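Next up is a structure, given as structure tokens.
As written, the chain order gives the labels A, B, C, D, E and F, with residue 1 at the start of each chain.
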Amino acid sequence: MENFLRDPAPEEASKLVLSAYAEKTLCVKIPYDPDSVIFSALLTKYFNGEVAVTFSSDCQLTLNKGDIGNSVAYRGVEVFVGSSAFSSLLPLTVEDLVPILAGIFSDVLLRRRKLSDWEQRILNNAENLGVIREKGLKIPAYREVPLFLSLFYSLDPFVPDISGNPVNALKLVKELNGNEFTKLSDLDESKLNTLLFRLVSSLVKVNPKATREDVIDDRYFYNNYDSLELGMSVLYVMDTQGSPILFDAVMNTSLFWTFVEWLRGLLSRGFNVQVSEEGNRYVVDSNLSPILAYIVLRQAGKAKDRRPVYLRRGEKFVSSRFFLNSPEEGLIYDDKD
Amino acid sequence: MENFLRDPAPEEASKLVLSAYAEKTLCVKIPYDPDSVIFSALLTKYFNGEVAVTFSSDCQLTLNKGDIGNSVAYRGVEVFVGSSAFSSLLPLTVEDLVPILAGIFSDVLLRRRKLSDWEQRILNNAENLGVIREKGLKIPAYREVPLFLSLFYSLDPFVPDISGNPVNALKLVKELNGNEFTKLSDLDESKLNTLLFRLVSSLVKVNPKATREDVIDDRYFYNNYDSLELGMSVLYVMDTQGSPILFDAVMNTSLFWTFVEWLRGLLSRGFNVQVSEEGNRYVVDSNLSPILAYIVLRQAGKAKDRRPVYLRRGEKFVSSRFFLNSPEEGLIYDDKD
Amino acid sequence: MLSKELKDEKPERIAEQQVEDLQLIFKRLSMKYSDKIHDEELKVYSELADSLFEVRLAKVLEGHSLGDSFDSWEEEILSKLREFYVSFVMGHYPVRNGKVLCRVVKELYFSGTVLKPGDLIFMEVKKAVGLLLSGVVEPCSLFKKTRRE
Amino acid sequence: MLSKELKDEKPERIAEQQVEDLQLIFKRLSMKYSDKIHDEELKVYSELADSLFEVRLAKVLEGHSLGDSFDSWEEEILSKLREFYVSFVMGHYPVRNGKVLCRVVKELYFSGTVLKPGDLIFMEVKKAVGLLLSGVVEPCSLFKKTRRE
Amino acid sequence: MFSIKYKALRRLARTYRRKVIIHDELRSLDLGLEEVKLVKGNDPDLPSWLIDILEPEGIIGATPITIDEIARYLYQEKQNSSIPASLVQISNDFYFRANHLLRELSKAGNNITQLESLKKASQMLDELKRTRGRKIVQLASLNVSDQSLINKMTTEEYLVYRELRNIINTFVGDISGNS
Amino acid sequence: MFSIKYKALRRLARTYRRKVIIHDELRSLDLGLEEVKLVKGNDPDLPSWLIDILEPEGIIGATPITIDEIARYLYQEKQNSSIPASLVQISNDFYFRANHLLRELSKAGNNITQLESLKKASQMLDELKRTRGRKIVQLASLNVSDQSLINKMTTEEYLVYRELRNIINTFVGDISGNS
């Protein structure tokens, strides 16, 4: 199978994937990330026979994620899909909308990328199913929770002194004449501009190139879900609990809401992220999970290589399968320490 | 692994095999014949862990039987053993004497060969364990059963008109002034010579080169067992019942006597062997088993290639795993007919 | 569910959907709460599930059928176990020291190799039973075919 | 043997050797004879073996131990079945339509590939139970670790 | 099989519902299978296991059985102790609640009066069970299957009755079976 | 559990041994577990299943139970039908042999006399079982464990007795158990 640079053909890839339904049993080789797990769980959900998901062995159906983009290979035919998440290749239905959003947006966050043209198209279709799109602030769940909580919960962008710090977040809202209950939609044009200015000036401290573009984007909502928060929550859950629970959520989609609640539960206790040491790994002082810490590091231009991210837990160090080649899932303690 | 023509080194092979006992689990690849099955069952009998016996997949320990001789390969080291049966490579004890004799003599019969030097040495040692050697007629169990039955039961040499025909066999004994109860040992020198002459003249009908050498040989006995009859019986049993029962007999050696009884049960009903047709297979009209028919064919210089031997059973044709590459064991009916 | 189960000598039919609904309820509780009351609730229902297992398995052992209930696989497992046990005691299998000779029925990974149908494997009874139940091997029966030609 | 088994509420200890001796006797009879009397004898003892299975399994189900008897593997099988059943009903596993998600524990051949530990496989409950009993896979438990950091 | 069923029944008893009085105004509880609202004045049926948690915390008050109640039933039952059909109707969770009473009394520690009460209650309960047990054995042995009598049994007693009948009928009915 | 054990017991009964008379001089039989020599005059104990095969062929003669024997036991048992301790000793394979008699009688076809006998024997056996059954229920319910009484029971009856006691004791003894 060659792997030349060429035009992405997600539509063709989508058809290729669907042709795998003709198999009696199916084996899928995937990289270890939420998008790929959600893809294979969706495939499994509607497949009659047994399905194996492997992270190492060669298989009939193979998903690749590489530096030049992603590809799908099935029985000798390989199709390049560009940067599009694998979850976006599967049929969009009301039943599977939440998992597909979770797959796409977790990948967007994890790879620090824009939506691909194909994904834009899929999301346009999703609007017919009830998805709401609006230009908005890149802070989580602002339609649902008070502004100070959205700011407090924000990991991407990670706003120094405000993310993870409820006191400072509330202070900022009060400076805009708001209070604990003020929602983003309560701000008028000028206050919104002030807020934007404050956020960008904070971001510049860690990333000198930060602009308004880093805090404003097309934002997608569906029922209670904010796609940004949804993507973040599946990154967190897979990082700490492993892939089976994500697999199960695809089967019973109401579980995704639990994931969002878990993430809020974690974030609401406040958090910090400090890189304290580097070597053959990144060691971070943080009460987040390894992937969430990684996402914050990446914003500061760090952790661009594939050195594993470890969190310091008292005397010990902990990472997860995304960074390590291990059959274990969830948080993995480094026994060597 | 090279496979040059070289001197057999059975002693070295024996050591190589014993070194496999250090493994935690063992996989042995063998050809499908009684000697190899007995070898692997003996290995299993004293091995602590699990043992797999495969007829097709590559393994730690591999037994090869080829035109130039046999070899044993273990973890990249291959040792040539010449024509010696694999069973002769394992430690000789009273407990395992019968299976080892069965392994050696079934192979001698199946390959139509002489005992190798190594096997001769093993059998010399066996005399210390109670094995009796004597120059004698190559007819089965003559120390135990009346002469006419031995003649009647004889498959190698297959004596036309006498093998399988109790009336003619008894007639021959009566010509020597014997009766139903006369044993070979009751014959005096001159009668023995007459008998030899009669047998050789019969043999010449199918094999013009037949001599006294074809009816006289070193003969080995142990308790009730005649090694010739023992070898024939395991060929018959594996041919019709498959390898597991042979495997079990190695674990509980008293079962070998049952095999001898089964063979006698078969032969005592009289038998015939007539090649009626050839093509991409040998078709034989016989009430024996495919391997027993094959042994008779080989004496007439037929079936030298590896075309399968089929027996005609009414409208159908039956062969066995020795001739066919099939996962089934025991008699295998040809479905195409 | 268990209450109905106790009233009758025969097992009730419990549909798959019924159990999947319950599973989802318990799953949600386990994920959402972690307090004294919910821990106790889950313990009470775990014990009921345990008794449901005992009562229904006992009924199967007594010869009743579970029909098309969610746990009907127990019936097949039990009947395979029974057949194995009887054949084992009656000497139908090649055995020695707690190990039994099995024939490979479906490809099986073993010690670096993939064994093929028709290959043999000599292993612990316990493991053999597991692979027998999953349809990967079957014990070699000595008396399947007519014994003598 | 069965007669002793019936006299006591607890299972008797039946040594491996005792059973291997019996196996050899029955094996010899089965191979040697094929007549009305021996067929009947083997049938009578097969039925006794069947009852031995039932009585002992029922005792295990009631919580008794088989100690180091030849069939002590039944105990482990039953306790694994029980654990699976309870966890299954309580929603601890990812399930759908009678299939359950399992984690590969030992290399497993699947559809042309050898799966490695840590891989996942979604399969029929019945087959999963067999592979679970043989130690090749285990169902993915959703609640093994502390639920929240 | 009996021991398995009996254990199951005892476990099942923890889900039996009883009326309680709400002392403390509390929240509503999401039990998954149902939503329980604990509001003063609105005295709900709660499952026993929940009562066992909430009662010691003073949140609710259960209505336990009293020693007098046991004494009354024992007296009624004893009046015709040799007539099986005289079985007195008792509530289905009677034994469960009686055991609860015994547990409460046994928590008293060294309080002499309470220890006396415990001893007395325990003896009466034991005798009540034996008396009813004998009647049930008689009913089973005479193969009586009068529905009105069966309705007077608790679930535990009905299980005992059914198992006994089962055994006796298997034994006697064997006559026509194939040996 | 009872039904499983009872089935086991009935199967086990086929290995019970009885004395027989050899009619026909025969060979010796290799049964694996033993070697049986069938020689005239030497009347051996044989397992029941073997008797069932050899008897119809006229090779041996078994000593079946007679109707009179059943009648005698029934009479003895009835004399004190309401006193549990009056249980009469019967041989361990009594029911097994009695069933054998019934089977023999039922083979008779349309012979009126034999049909009469069958009916009579069947009724008597039924009543004997019921009478003994009632006594055994009483013994179990009174928790009697007198060894001399137990010795008077057949294996089947002892199993019934043990299971009944078990159930009753589980029910009554529950008083001290945890709910």
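By definition in this document, a contact is a pair of C-beta atoms (placed from the backbone, for glycine too) under 8 Å apart; a residue touches a chain by one contact, two chains touch by 3 or more.
Keep in mind that what you see is a predicted model, and the values were worked out from it rather than measured.
Any chain bridging chain B and chain C, meaning touching each of them, is among D; the list is complete.
The chains touching chain B as well as chain F are C, D. Of the two chain pairs shown, B-D and D-F, the one joined by more C-beta contacts is D-F.
Counting every residue number used by either copy at the chain C-chain D contact, over half are found in both chains. Among the remaining chains, B is positioned farthest from chain E, on the basis of C-alpha centroids.
Taking the mean Cα position of each chain as its centre, A sits at the greatest distance from chain D.
Chain A and chain B have centres, each the mean of its CA atoms, that are 70 Å apart. Averaged C-alpha coordinates give centres for chain D and chain E that are 37 Å from one another. For the pair chain A and chain D, the distance between mean C-alpha positions equals 43 Å. Those residues of chain C in touch with two or more other chains are numbered 24-28, 31-32, 50, 52, 54, 58, 61-62, 95-96, 114, 124, 127, 142, 147-148.
The set of chain E residues that touch two or more partner chains comprises 1, 3-4, 14, 166.
Residues of chain B in contact with two or more other chains: 248. Pairs of chains meeting the touch criterion are A-C, A-D, B-C, B-D, C-D, C-E, C-F, D-E, D-F, E-F. The touching residues of chain C, when paired with chain B in their complex, are 94-96, 99, 101, 103, 110-124, 127, 140-142, 144-145, 147-149. Those residues of chain C that touch chain F in the shared complex are 58, 61-62. Chain F makes touch with chain E in their complex at residues 1-4, 6, 10, 13-14, 95-96, 99-100, 102-103, 122, 125-126, 129-130, 133-134, 137, 140-141, 156-157, 160, 163-164, 166-168, 170-172, 174-175, 177, 179. Contact residues on chain B toward chain D in their complex (touch as defined above): 248, 252, 254-255, 258, 261.
Chain D makes touch with chain F in their complex at residues 2-3, 5-6, 9, 25-26, 28-29, 32-33, 36-38, 40-41, 44, 47-48, 50-52, 54-55, 58, 62.
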